[in-house]
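Paired with subunit B in one complex and with subunit C in the other, subunit A is shared by the two complexes that follow.
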Partner chain A sequence: MRIFKALLVVSLLLGFSGSLAAKETKVGFVYVSPIGDAGWSYAHDQGRLAVESMEGVTTSYVESVPEGPDAERVIQNMARKGFDVVFATSFGYMDPMLKVAGQFPDTVFMHCSGFKMSENMGNYFGRMYQARFLSGMVAGAMTESNIIGYAAAFPIPEVIRGINAFALGAQSVNADATVRVVWTKTWYDPATEKEAAKSLLDVGADVIAQHQDSPGPQEAAQEKGVYSIGYNSDMSAFAPKAHLTAPVWNWGPYYASVVKSVQDGTWKAEAAWPGMETGIVDLAPFADMVPAEIQKMVEAKKAEIIAGKTDVFVGPIKNQDGKVMIADGVAADDKTLLGMTWFVEGVIGTTE
Partner chain B sequence: MTFELIIPLLAATVQSGTPILYATLGEIITEKSGVLNLGVEGIMIVGALAGFIAAKFTGNPVLAFVLAGFAGCAAASIHGIVCLLFQGNQVVSGLALTILGTGFANYLGTSYVGQSAPGFSPYAIPYLVDIPGLGPILFNQDPLVYLTYFIPVLIWFYLFSTRHGLGVRAVGENPSAARAGGLSVSLYRWGAILGGGFFMGLGGAYLSLAYTHLWTNNMTAGRGWIAVALVIFAFWRPGRAVFGAYLFGGIMSLQLRLQAAGTQLPSSLLLMLPYLLTIIVLVFSSWKSGKSAAPAALGVNMKPTE
Partner chain C sequence: MLHLRIIKRQDPLGWRSCLVIFGAVALALFFSAMLLALRGTPPQEGIIVLFKGAFGSRWAIEDCLIKAIPIFLCSLGVAIAFRLQIWNIGAEGQFCLGALGATWIALSFPDQPAWLLLPAMIAMATVAGGLWGLIPAVLRQKMQTNEIIVSLMMNYIAILILDYLVYGIWKDPTSFGFPMTPEFSEAAIVGKIGSTSVNWGLAHCVILALIVWIFFGYTKTGYELKASGDNVKAARYAGLPYNKQVFLVMVLSGALAGWAGFIEASATVNRLQPSIMVGYGYTAIVVAWLASLNPFYIGIASFLLAGLRVGVENLQLDLQVPAAFGGIMEGFILLTVLAGGFFISYRFSFAQKK
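== the complex of A and B ==
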C-alpha cells in the first residue's frame, strides 16, 4: 500500500513538473517518514520549501520511503525523470543512492548522514552536537535533582555524540549533573518513547531530553510536571508547560546553496559537515520558564561557538571509567567525533 | 532496583498491559465461537486511527473510543464475510486482514502523523488511591484502565454463566450438535466476530487516546500478535488473560526501567525480553495443556447446508 502510494505521488508530481518549462532546475527529496512527523523529515521538508521559493526551481518529494530496495527504485525513478539534484535524507539510503549515482553520471546526488561518496554523489550533515551542548547547558541549569533523563534512539556514533555533547553542556554549568540514558531502538514510536521517558522520570529525572522524532517524551514530561528539551524542530506545541528549548535543524540555507552551486555549474562532490556558524543547526526559542540569566549565558556560549572561539569536545574529556579519552587542551578531530562509541563521565547507561 | 521503583513499575505494567488485554479479550470471544481471527493487529491499528481521527474532529474522547470499537467491528466484518459467507480459509483471511488493516491505516493516517488529539489522562480515584501499595498501582490510572477491571469479569460471566454464552461455546466446540439443538451457527459466529472486533478496536484506540495522544503509522507495533499468543497462554479464559497481559506489560516496562536504573546489561538483550517471553509462553502452554483447552472446532468452517 505504502509502495503504491509512493509510486502514485511520484508519478503525479513528475507528471506536473514535466509539463512546466524545460529550463527549470528539478530537485527531488526522499524522506524516510511522513513530513508531518514534527521531527526529522519535517525539518528536511522545511528546507525543501526554502529551495522551492528559489527562482527557476521546482521541487518534489516522496515520503515514507523504506530504507532498502524501495529507496533504490524511488531514487532511480527521480534520476530517470530528469531531476537535476536528488537529496536522500536517511542513513540507509546511502548504498542504494551510490548504486544509482553510478548509472546516472549527469545527476547530482546528495546523501544526508552517511560517509560514502563518488564523482556525482556528495554527503552532508550538520554539527548538531553544538546545539546539543547548548541545550544541555539549559537542562543542567534547570535541574534540581541533578538527574537528567535522555530517551535515546540507537547506539550509533551520531546519537552517542549528541548525548556526550549534551552531558558536557549540562556539566559546564552544573558539575553534579548526571545524564541517564534509556535506549528505545526506535526513531518514531510514540508509545515506547513515552514509556522510556516515564521510566526516566521514575528514577528521579526532572528534565527529559530525547533523540527520537516523536513528541512522546515531551508528553510524559508535561504530564509529570517537569521540564523537557525537544529535538529536530520546535516541539513546544506538544508540551507548552514543559518544553524549554530544542536543538533544531535548519536545512533551508544549506539546500539553497547546494542547488545554487548546481545551477552555476560549480558543484563538486564533497563531504560537508557545516556547523552552527552557517545556521544549519540552532536552538529553538527559549520558553518563558528559562530565567533570563540562563538565556544570556547560553546565548553568550552560542556566540563563542559561532565565532569559532570555543568548541564542544575540547579535552580533558574522560570516559565513564575516568580514563582520559581526549587529552587536555586538544580539540577532537572529525574522525574521533564520527567514530564516537563511548560515553563521557557523568553519563549513566551503556553504549551496547 | 530499589523498592520505591517497584510501585511505578507495577503502575506502568498495568498501563502497558491494557491495550493487549482489550485485544486478547476480543480474540477470546471470537475464538470461543470456533473462529480463529489472526487479523488482530490489523483491526487494532484501524481502531487506533479511527479513535484518533474521531477525537480530533469531535473533541470528545469517549465518543471517539466507542467509534473506534465500531471501526474494529467494521474491519472484523471482512473476516466474517470471507469465512462465514464464502467459507474462506480462516488463517489466510486473518493474515490478509492484518496486512490490509495496516496498509489502510497507514494510507489514511499519514497526514495525521505528528498531530495531537484530545484523549484520556490519569485520574486518581479519591480514597482508593490512598491504599498503600495497591492504590498508586491500580487507582491512579486513566478511565480506560478502570474499565478493564470490570470487562473481563463481564465477559467471563457472559461466556460461562449465561444461556447465550453457552451458545457461543457450543458452536465453538461442536457446531453440528449446536445446529441440531436449534442454534444458528453462523449468527453466533457473526456475533462473536463483531463483538471480538469491537474489543480489538478498543485496544488499538487505547494506544492513540490514552497511552499517548498521538497517531503514528504502525503504532500497534506487534501488540496484536502478542494478543493472539496470549489467548493460548490464557487457555481461552478471561481471568488468565488479565494475568498474561500484565505479564507482558510488566516485561515491556521492566526493560526500559532496568536501563533507567543504570544496569550495565546490553540494551539489545533487554529489548528481546518480550519476544523471548512470547516463545516461552507458547512452549509452556502447549506443554501444559496440549490442544485440550482450545475450542474443538477452532478454525473449522461449517457450511450452512452441512
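== the complex of A and C ==
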C-alpha cells in the first residue's frame, strides 16, 4: 500500500512538472538551395537564426529540396515529427504544402511567394520590387553604355515584377537606360549564372544585376571590371570592386513575429505582403564607388517609399510595344502586380 | 621477392559476389561515417538516424517506395539498352516526353472515365518516350552518330519543349502566370493502394519487371538481344538483324522511361510543371550499373537509393548535416561497388619471383 501511495505521489509530481514545463515550439524551414548560397536561402536562414534565439523555440531545416514531390515528403515529415510551424520558402512548395496542410490541421504552415492558402496555411512575401526600384536608380545613374544586364531565373511574375521595377528605377534617373534580360532557368547554379552574366557583358552591358541565388554574376562583373548590383543579401564580399549595392531580404523580424503569434495562439491564416516600411526588404549599404549625390537621391526616394508618398508601379506605364498597361495616375493593385507577365518599355528580352 | 599478379577468375564467384557488394557498401558507409565524424556529428548516431529516416517507420518505407517507382522504371529501361551495349543516356528526356504525352491526353480529354483515360495516357506516354528514344538509334545506325552524345543532347531539347508548353499554351490560366498546367481531372490520376500513400505505379513496376524478365529469359528475340549484346560481330555473322535490335531496345528503353514520366505527372504531381524533372533519368544509369542490369537487383537498388535520399533528409532535420552529404555518400557507394566489381571477375595472386 505504501509503495502504491509513493508511486501515486511520484506520478502526480511527474505529471505536474510535465504540465508546468513550457512546451517548446518547434519551427521547421524548407529551403530550395543550400544555405551556403549567399543568396535566397542564406537570407531565409538568417531569419531562422533570429527565430532560434527566441525563448522556448527550437528550429531545424532541410536544404536543397527540389520543388516537386520531394517537397511534399519533407514538409509531411516535419509535420509528423511534431513541428508546430513550417516555413516553405520557394514558390514550387505551394501545392505540396497545401496537400500536407489538409492532413495536419494542428500544424501552422507558412508558404513564401505563392497565392494559395487554407485554414492553417498562410502565405507571405515582401515587396521586393520597392528595393529593386531603388537599386535600378543606382544602376541607371552609373551606366555609361546605357545597357544594364539582368541575369534572371525564371519568367514568373515575381521575377518579371522585379525586372520591371528595376527598369523603371533606372529610367527615372536616366531616360535612355535599357535593361537586357537573360533567363538562366535556374535559381542556384553558379556556373550557368556566371555564364549568363558574361553573355550580357559581351553585348555591352556595363552594370550587371541579377535575380539569382548565387553570386556568380557578381564575379563575372568584377572580372570584366564593370559594376554590379547584388540580390538577396549583401554580396559585396564576392565582388568588392564591382558590387554597388543590393536589394536585400531581412526575414528575421517577420519570422519572429509569426512564431510569437503561434505561441500566443493568435495566429490566423492570411496573405501577408509587407513592404519596405517594415524593413523586410531593404537596400544593402552603398559601395564607395557610388557618388554621394546619387546615394542621397536614392535615400530620399527610399524615405518617400517608406512614408507611403510614392509607389513604384504608378501609371502611365507602357509595355514593350508601347501600349499603356497601367493608366496615367493609377497605382497598380496587388492583383496586377502578382500576375505580371509583361515587360515595361525599355526592357530588352521576352517573358517566355 | 613477392610479386603481385592480377588473374581472371576461372570459375564464377556465385553467391559470394553478394559478400563483395555488402563489403563495398559497408566500406562506403564507413567512409561516410568518417566524414560525419570530421564535421563533428556523432557518426554512429548519424548512420542510425539515416536508416531510421529511410526504413524506420511505415511511412518512411512508403516514401521510399514512391520515390523508387520512377527511378526503377527509368533504370529498367536503360538497362535494356545497356544489355545490347547501346549507351542510352537519354532516359531523362524520354521521361520528359512521357510526361508530356500523358499530360496532353489528360488535358485534352479531362471528362473521359478513368478506364479509358489512364490507358490512353500510358499509350501516349510510351509512344512519345519510345519515339524520343528511337531518334538517337536511327541516327546511330544510319549516320554513324554517337548515341551517348545524341541521347544526352536530346534531354535538353525535351526539357525545353516542356518549358515551352508550360510557360505557353498549357499554362493554367488561374496560376497567376506561374508555369504549370491545370491540375488533372480525378480520372487522370493514378490512385493510391488502399490506405497507404503509395500509388498503383508500384504494381505497374512489378508487372513491367516481370515482362522484361520473361522477354529476356524466355523469348527468341530476347535471347537474340542477349547474344548480340555479348558479341556484336558474332551476332551479325549469325545473321541477326542488328539494326532492328538497336531500334527495338531504344524504343523499349524510351517507352519505360516515358511510363515513369506518366506516373510522376499523374500520381505524384497531378499536373505538369518544370520541377517534375529532378534527374531520375540520370539516377537510373547509376542504379542500372549498381544492379548489373538485372531487373530484380534494379528493384532492390532503386529502393535502397531512394531510401538513401529520403534518409538524408532525416539526417538534415535531426542533426543539421548539409544536403550535399547525400550526394557524397551516393558517390562513395557507386565508387566502392563498381570497384568491388573488379574482385568479382579478377583475383590477386602473390607469387614468389624467381
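Basically, the second predicted complex is superposed on the first by the 330 of 352 C-alpha atoms of A that agree within 3 Å, B and C clash if a C-alpha of one lies under 4 Å from a C-alpha of the other, contacts with A are read in each partner's own complex, and residues count from 1 in each chain.
By our rule, a contact is a pair of C-beta atoms (placed from the backbone, for glycine too) under 8 Å apart; a residue touches a chain by one contact, two chains touch by 3 or more.
All values reported here derive from a predicted model rather than from experimental measurement.
Colleague: Report clash or fit for the pair subunit B and subunit C bound to subunit A in the combined superposed model.
Modeller: Aligned on subunit A, subunit B and subunit C clash with each other.
Colleague: May I ask you to decide whether A:Gly92 touches subunit B, subunit C, both, or neither, giving the answer as first, second, both or neither?
Modeller: Only subunit C is touched by A:Gly92; subunit B is not.
Colleague: Pick one for A:Val182: touches subunit B only (first), subunit C only (second), both, or neither.
Modeller: first
Colleague: Just subunit B (first), just subunit C (second), both, or neither: which does A:Gly82 touch?
Modeller: After superposition on chain A, A:Gly82 lies in contact with neither partner.
Colleague: Scan A:Thr341 for contacts with subunit B and subunit C and give back first, second, both or neither.
Modeller: So A:Thr341 only meets subunit C here.
Colleague: Just checking: does A:Pro155 make contact with subunit B only, subunit C only, both, or neither of them? Give me first, second, both or neither.
Modeller: It touches subunit B and subunit C both.
Colleague: On the A-aligned overlay, A:Ala196 touches which partner chain: subunit B = first, subunit C = second, or both, or neither?
Modeller: A:Ala196 contacts subunit B only, not subunit C.
Colleague: Would you check which partner chain A:Pro34 touches, where first means subunit B only, second means subunit C only, and both and neither mean what they say?
Modeller: The answer is both, since A:Pro34 touches subunit B and subunit C.
Colleague: After lining up the shared chain so the two structures overlap, which partner does A:Pro69 touch, if you call subunit B first and subunit C second: first, second, both or neither?
Modeller: Touch status of A:Pro69: second partner only.
Colleague: Of the partners subunit B and subunit C, which touch A:Gly315 in the superposed model: first, second, both, neither?
Modeller: neither
Colleague: Once the two complexes are overlaid on A, one stretch of subunit B runs into subunit C. Is it 74-82, 146-154 or 236-244?
Modeller: So the stretch of subunit B colliding with subunit C after superposition is 74-82.
Colleague: Common interface residues of subunit A with subunit B and subunit C?
Modeller: 34, 36, 63-64, 155, 185, 352
Colleague: Under the definition above, what is the set of subunit C residues touching subunit A in their complex?
Modeller: That would be residues 53, 59, 63, 66-67, 163-164, 167-168, 176-179, 264, 268-270, 273-276, 278, 310, 313-314, 316-318, 320, 322-324 of subunit C.
Colleague: Within their complex, state which residues of subunit A touch subunit B.
Modeller: 1-2, 5, 33-34, 36-39, 42, 63-64, 149, 155, 180-185, 188-192, 194-196, 198-200, 202-203, 205, 214-216, 219, 223, 237-238, 348-350, 352
Colleague: Show which residues of subunit A lie in contact with subunit C when the two form their complex.
Modeller: It is residues 28, 34, 36, 60-70, 72-74, 76-78, 80-81, 91-92, 95, 115, 154-157, 160, 185, 338-341, 352 of subunit A that touch subunit C.
Colleague: Okay, in this complex, where on subunit B does subunit A touch?
Modeller: 5, 8-9, 12, 16, 102-104, 106-107, 110-116, 121-122, 207, 211-214, 216-217, 219, 221, 252-253, 256-257, 259-268, 271
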